[in-house]
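Going in written order, the chains are labelled A, B and C, and every chain counts its residues from 1.
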Amino acid sequence: MPVRLYLNNVGKSFTMHLQGGTIIPVVDKVEFSVNTGECVVLGGPSGAGKSSILKMIYGNYRCDQGQILVTIDDEIINVADAEPRKVLQLREDTIGYVSQFLRTIPRVSAEDVVAEPLIAQGESEDNAVKKARSLLARLNVPERLWTLPPATFSGGEQQRVNIARGFIAHYPILLLDEPTASLDAANRAVVVRLVQEKKEQGVAMVGILHDQDVREEIADRIIDVTAFAADAAA
Amino acid sequence: MNDTAQIYDQGEYNFAYLDEQTKRMIRRAILKGIAIPGYQVPFASREMPMPYGWGTGGVQVTAAVLGKDDCLKMIDQGSDDTTNAVSLRGFFEKTAGVRTTYETSEATVIQTRHRIPEKTLTEDQILVFQVPIPEPLRFLEPRETETRKMHALEDYGLMHVKLYEDIAKNGHIATTYAYPVKVNDRYVMDPSPTPKFDNPKIDEMAALQLYGAGREKRIYAIPPYTKVKSLDFEDYPFEVQKFDKPCALCGAENVYLDEVILDDRGGRMFVCSDSDHCEERRAQGHTGPMAANPAAAQITEKNQRETTR
Amino acid sequence: MNTIQSDEPLLQVHNVTRYYGDRVGCLDVSFDLWPGEVLAIVGESGSGKTTLLNCLSTRLAPTAGAIEYRMRDGAMRNLYQLTEAERRLLMRTDWGFVHQNAADGLRMNVSAGANVGERLMAVGQRHYGNIRSTADDWLGRVEIESDRIDDDPRSFSGGMRQRLQIARNLVTHPRLVFMDEPTGGLDVSVQARLLDLLRRLVSDLGLSVVIVTHDLAVARLLSHRIMVMRQGYVIEAGLTDQVLDDPREPYSQLLVSSILQV
């Protein structure tokens, strides 16, 4: 299986200028790779830097050191020093992100929120909305909510809208930031099946999953992030 | 020693009131205006012995083009005998000693306020307009620096905004006077507050047209036989006013009519705005539907008396 | 927000500097703007963001530096070497400028329809019916009822005026729109509606936008990229969510931490 994502000697710290320039080390010398069709789960206690690693891969956090290499066809792109527009392009067609929280956009209906990434990839609006509805149905979002903006939904409903949005489009790399937190068993099972389907499509996934059962079901490998603890390396 | 200098020596007015240097300056502005049809040429407008609004711009232009042998006609709203026309005619009779006339065909220079004579003008005539506000863009754009730039760049979208507003608010282009025109496919120009009825006369006119604005210090011109197009929309083409009745006195059709109130019981009639044209027709034996009406006859009589003074 | 990918920048800004006498407006600003990209310029009042916007939009000549723009024919032209006629044509066809105060960008004494139609008439459209139906269509796109087409903007609310101003700018399908605090001075609910409308129009039309704002929420919702300005300098620039979630410079951190969380 070819390597899709490779983190090489990645390091990150925060400098808090408002707290007298305190430097908070996050991770250091992070090194791992993810193959196509593989789901790698980051393990370790909270505060170990799992989320920061995910955000660096997505380009949301800056990477102070090292390389984050994404292989697409014959091209290798280093997210750590890519131009903003390159990162935006990667987010559009290469790297997807399923987070716990939905950043709601006023006045856009749930089905349109879900369909948007697919339309951005060039799918027709009709097809995208059709696919959005079937995903919302699979995730047990009541049909009467589909045409309403999700701002007023319950936390669980919003989360499922967000999962649908994350899974609708095909990205060679998918980042999962606790997608099953606070879901009931039935919906957790749906997410597990969605992940399995992505694996079959050859998607490389990196996830943070606190749910022991889900983790065991989908993780091909677990990487202990405490090994990259910045102060341990210092 | 020339004639004008002689008069000057005798303690008379300089010919046509203005001094020779001023007239040369104005003639240069006129020549420039003729060279760039429709373009507003700034000039050093003089104080005239009459208030602004009385035609100080037209008077200066007339003074600059008038020669001893010219015959001058002075009209105000189409009429030769309203206050403004009478005063200005008197002014030139006194300061230039030229012949004056009521007859359009006899005149070589016609100074006008708000009308163009009904009779077709010829190559031997000059028509001088009194202009209050020469800038057609003024009510849309108050800054002179900006309007000059707009003319320079042919940036005339705003003119159509005004016409758009007319149609949107009235269902048709409701501008009836000072109707903007484009001269020689280049400059947008205000033809002074003449009714739009007269706009077609400006197009390809045989006579030279000179426009003078005294307070605003601008002169512009349309040389003989110049294309002048009234602005419009493809689906709302330019149209002149139509009158459903002929002149009550002379029966003329397709002329511009003024409403005349005859009494305080609602009696009124519509008669030729061009009084000379009306009289000439009546002299030729044309009569309108109200020619025999006593109230109308009274007005006709009064006109007659003044004409034959 | 989908971005149109293109290999050619639309606008290239090289070391733009503007002094007001001895005082600094903006200093040594350089960046490229790509087609379909929304760039937010943030910073407090006096940071030079409006000066920069005015320099970019040829409303204020820079003291030094150059700004190049890709014309519709594909040629890159230095904006300050365009003739006045070329510059005006650019401003009323290929560009838009949305002012904070709608009255600065509208003709307050002519109807909404004429406000939208003006650019069309300026580029030579002479069919009243067509102009009016295009104006009507655009009013619809900015959510102004058809029956307000003949009303003056004076009778419009602040939010409506702003939407009218946007329609007036977009009617000629510009490729680049400058916005100066477009949601400033509006009620929060009105702001949200306007932002959503802008977000959709920008993405549907593939507009490039340079937007000046002091409101980081506006920047987050609308922009792909952000430049933080302070005392005339660009002190930090990058992907919008990167700069807002992981600000590096002390001032950027202060700016981000100053937002009230709701």
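Worth a mention:
The working rule: a residue touches a chain if its C-beta (ideal position, glycine included) is under 8 Å from a C-beta of that chain, and two chains touch if they have at least 3 such contacts.
None of the values given here were measured: they were computed from a predicted structure.
The innermost chain, defined by the distance from its C-alpha mean to the mean of all protein C-alpha atoms, is C. Averaging C-alpha coordinates per chain and comparing to chain A, the farthest chain turns out to be B.
Spacing of chain B relative to chain C, judged by their CA centroids, is 48 angstrom. Chain centres here are Cα averages; for chain A and chain B they lie 79 Å apart.
As a whole-number value, the distance joining the C-alpha centres of chain A and chain C reads 32 Å.
Touching chain C in their complex are the following residues of chain A: 14-18, 55, 59-62, 84-85, 87-89, 92, 105-108, 119-120.
Of all residues in chain C, those touching chain B in their complex are 84-85, 88, 92, 107, 110-111, 113-114, 117-119, 121-123, 126-129, 131-132, 149-150.
Within the complex, the chain C residues that touch chain A are 1-3, 5, 34, 37, 192-193, 195-196, 199, 221, 224-225, 238-239, 241-242, 245-246, 248-250, 253-254, 257. Against chain C, the residues of chain B that register as touching in their complex are 140, 149, 152-153, 155-158, 160-161, 164-165, 167-169, 232-236.
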